[in-house]
Amino acid sequence: MHFLVFIKQVPDAAQVRVDYETGTLIREGVPAIINPFDKHAIEAAVRLKNQFGGKVSVVCMGPPMAEDALKEAMSMGADKAFLLSDRIFAGSDTLATSYALWAAAKQIIKEEGPVDVFFAGKQAIDGDTAQTGPGIATRFNVPLITYVVDIKNVDPEKKTLELVRLLESGQEVIQTTMPCFLTVEEELNTLSYAPLPYLIRAAKTSVKVLNSKNTEIEAEYCGLKNSPTKVRKAFTPPKRERGEMIEGDSVDGIINQLYEKIEPVLKTMGKVQ
Amino acid sequence: MSKKDFDVIVVGAGPAGMAAAYVLAKAGVDVIVIERGKFPGSKNVMGGIFYRKPMDDLIPEFYKEAPIERHIVEQRMWLMDDVSHFSMGIKTQKHNSEPYNCFSVLRAQFDKWFSKKVVEAGALLINETVVTEPIVENGKVVGVRTDRPQGDLYADCVIAADGVQSFLAKSLGLRKKITPNKVALGVKEIIGLSEEQVNDRFGIKDSKEGVTIEITGPFLKGMEGMAWMYTNKNSVSIGIGVIIDDLINHNMNPNDLLESLKNHPSVLPLIEGGETREYLAHVIPEGGYKSVPRMYADGFMVAGDAAMLVDSVHREGSNLAVESGKLAAKTYLEARESGDFSEKTLSRYQEKLEETYVLQDLRYYKNLPELLEEKRYLLTEYPQFLIDAMTEIYTVDGVPKPEKFRKIKGELKSRFGYIGLAKDLYTIWRKLR
Amino acid sequence: MKKLRIEDKLYLVGYNVDHEYSHLGISDSEACKTCEKKQCTYVCPASVYSWDEKEQKININYDACLECGTCRFACDYITWKYPRGGFGVAYKFG
Amino acid sequence: MIKQDISKYKHVWVFIEHENGEVARVSFELLTKARELAKDLGCEVHAFTVGDKVEQFADEVFKYGAKKFFVIEDPFLKDYITEPYRDAIVHLIEKHKPEVVLIGATTLGRDLAGTIATVLQTGLTADTTALDIDPKTKNLLMTRPTFGGNLMATIFCPDNRPQMSTSRPGVYKAIEEPAKGQVVKEEFEFDKSKYTKQIIEKIIEEGEKVNLGFYDIVVSGGFGMGSKENMKLIQELADVLGGTWAASRKAVQAGWAPQTRQVGQTGQTVHPKIYIACGISGAIQHQAGMKSSEVIIAINKDPDAPIFEIATYGIMGDVIEVLPKMTQMFKEKLGKA
């Protein structure tokens, strides 16, 4: 079976700090990492490969330094790595990004053969949109299953599998045919501590670069100019100020006061009629 | 030889390991470097500055492309008590032109760059892997065990550049247990300031020039240690290193110590208003020459901090690391000629180091660690006397100068006694021989 | 200058916390009970160790560890290993 | 990019999300917000949905001011499955050309919106927390948090229609303003062989795995809870409030809660409407995971606890004493006693 994982290299959002004076983010020195959700997608693909045979390809759109993310994916057990890198992609929104990745994936399929399961993380921790994966799935016109927390009953013969996905109210089990597109939650698996030969192979293998010249990507669908959404402004939310201490003679009195203060909020949530 | 994956395994991608790997890769040796960090430099902290010479021999004019912060044109030395500091130092334009003398660098960035050069030279770099122990067969090191599944690797020779903790050298019995009186903890902060602020506050012309300040004296309350400030492009590194035994005995929390340093009236104006960007800690081997172990075994060499190669008097470590890595690699290349990686052949490595400034410098100060351990007052009372004397001399208060000098002489006599003074001078002279 | 607390400073440090495995330990927790100085509680630059009076044991907050190894030199009962590869502290500047 | 004649698009549409015959609250919130937007645009608010028996929602939808309710009814659409829902909705949108389409940023909404926007080749702004109309251009301005809430971005979609947004639940208050509305029923022929995905089972109760981000009330316990047993106190309060419980890193490390419930720098980031921090000192590492909560209530013995620096309401007191009383009193007030 062939598994294709879409990954993104992101700044480690946990290390990004806000500069309230300038209203910008402090990104100096913040390392670039594989989007944490995507790592679980890679892990899932590698596990399926180890169980059913086949190979795992990984593709990442980004600047040349995103090669590090692909190398890391290979050290987790991916077999083939593709860096989609071209200036024409600069400023792409989710629609333009899903176009470019879809077109790149078609090229990868040409080179590596048809894909059974596409994978991506449920969202990226920098943009938090959760839109690129669904966008690519739609362009391939394959079933999309988001927020996956478990993969079961994979049948490579019948080309079916079952997925458990997270809902607000619980979970649901979905059966689908392959090819299909999964976006995954962190709970899907625990990342393995990869064997040393994976790391050595990753260090020895080079990443293939895809761009507008060696794929059929059309520039008129890429980049800032061809993205339907544009950023009007970016700003940091106001710094949180110290609120109010609720004081009183008795605990009951304090809780009563508190309740009165939060009752309007509870009402908007429909907790009180 | 039963198994062999590589010619050489280098453990640790710090300056020592990468210097070794660079030389080996350039010579066409099949070398793998194993680093436990996310990337080279991610675990590394430097309390010192990076000297040009050994690195320049390796990669000529490296400073033109490496991510260095500033080249150092002025080095100040402060003796400091709680309210004063007595300053000495050297600022020279001789250090303000290429090829420069030394640089301030940020290790996370510099080491990453260095590792790229090493990979370009042909070495294989594996990150995120801990080497747990050497594999020894028939008394000979034949490889290493890592903490990864299927993690054994075999080679002709292992170069351990795994830092001050060096579990490898220790497990081979080369290194004794390090006692807390032979090792210092350094804590450091990177404090962000604008380039202009750094230039103005340190009195430098532009953001290429840099200043270092090294501080010792009675403010350390008798603990053996040293504080430092280095100018980076748009930040200042400020840190303090103290012998761990002293921290324990003085019930001292290193962060409190660093905070009091930052708020010292002599220090504060230089960093005031800056925003702390990072907080770091690392230990520094301070044992000097006497703690340097045997640096070789069958199929094995130790380099850098792992071999305790730190000159604590001159705050040099990374250049000794680079030099030792280079020499370990050269020793391997010689051994390869004969195909003999035995202890005997590799012993040439230590001899080579003895022939260079690395061990010669350390040997020169070999008795100093004990001296300072014995006579702690050398670090407090003499500097305090000097500070007091300078304060006296520069205080204009109507007292005639001859009387001031008499007073200072009197102080000298009452604080130390002429006999004590003579003894101390004699001891220092003798210990430094 | 405003005094920074250790936790404020540690917030500036990048970590890749290993939720599976702690690299720090104490070989004989009985020894802590009779340890007079409990130097691990103040000599660690990241305040990893704290004495739990109620439980009569040292608590180890290993994810804050800066991997300097000071504790290991300061106390023979502390078992200290490197974190697994890639985990632990990752400095931005160094 | 596909160029469109955007002048042909009119009216603000709100997707009516439903499950088990009930409309999701966020749909009413969005209808209320849509009325404001429609006023600025000089157009109407329309609701739309697809499903098995969905016409029954008409009354509720009109109560919140929708002038029209577009529906496609088909037993095939009984349960939510992405692809048939998408195709039916795309059919509605292509036929009636709304200017704005608002969908709740729920699991379902975020699953659905991206795929619709891709078919329509239009822009979509995900998970917005503010919607405004640019008075000059009449474009929809959509503001959303990124970088875990550290940065806000205002996005617009000038040349494509509809302008689509998924909006975070709980941001707008649902207020009734009844309108006389009209149900517009549309048909869609499904090629059922095209859809190869089916739901096998729904598991409604909460399992071991928790996604704290789904809850609008989070009650969180720290080291000040004192013991594992005392963590029950926060669970009980969370139950009364219909929220979930979480823990600080110190409580997790003490073994009082699983790592999956940890809030903070090395745990999950949450932004509920109400976050109740119980016995949590609130080190900056913890704040990183919850400071964008709308209302923060802190209960702590230590008056100098940093959590009070960011709390909307602070109570200085012993959690062990305060929590049981709070649970009891809230139970009565919320009519759950």
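As written, the chains take the letters A, B, C and D, and residue 1 is the first residue of each chain.
Please note the rule applied: contacts are C-beta pairs under 8 Å (C-beta built on N, C-alpha and C of every residue); 3 or more make two chains touch, one makes a residue touch a chain.
In this text, all values refer to a predicted model and were calculated from it rather than measured experimentally.
When you average the Cα atoms of each chain and compare centres, the chain farthest from chain B turns out to be D. Look at where the CA atoms of chain A average out and do the same for chain D: the two points lie 20 Å apart. Mean C-alpha positions place chain B and chain C at a centre distance of 23 Å. Rounded to a whole number, the gap between the C-alpha centres of chain C and chain D is 40 angstrom. Rounded to whole angstrom units, the spacing between the C-alpha centres of chain A and chain B is 42. Looking at chain C, residues 10, 12, 84-85, 90, 92-93 sit in touch with two or more other chains. In chain B, the residues touching two or more other chains are 38, 108, 127-129, 146-148, 277-278. Looking at chain A, residues 17, 28-29, 31, 193 sit in touch with two or more other chains. According to the touch criterion at the top of this document, the contacting chain pairs are A-B, A-C, A-D, B-C, C-D.
Interface residues of chain A facing chain B in the complex, by the touch rule stated above, are 28-29, 31, 75, 193-197, 199-200, 203-204.
Against chain A, the residues of chain D that register as touching in their complex are 1, 19, 25, 82-83, 86, 106-108, 110-111, 113-115, 117-119, 121-127, 141, 144-160, 170, 173-174, 195-207, 209, 211, 214, 216-217, 241-242, 260, 265-266, 273-274, 288, 291-292, 294-297, 308-317, 321-322, 325-326, 329-330, 333-335.
Those residues of chain A whose C-beta lies close enough to touch chain C in the complex are 12, 15, 17, 28-31, 190, 193.
Across the interface of their complex, chain C is touched by residues 249-250, 253-254, 259, 265-266, 283-285, 288 of chain D. Residues of chain B that touch chain C in their complex: 36-39, 41-46, 106-111, 127-130, 146-148, 164-165, 167, 178-180, 183, 185, 187, 189-190, 235, 244, 247-248, 251-255, 259, 262-263, 268, 271-272, 276-283.
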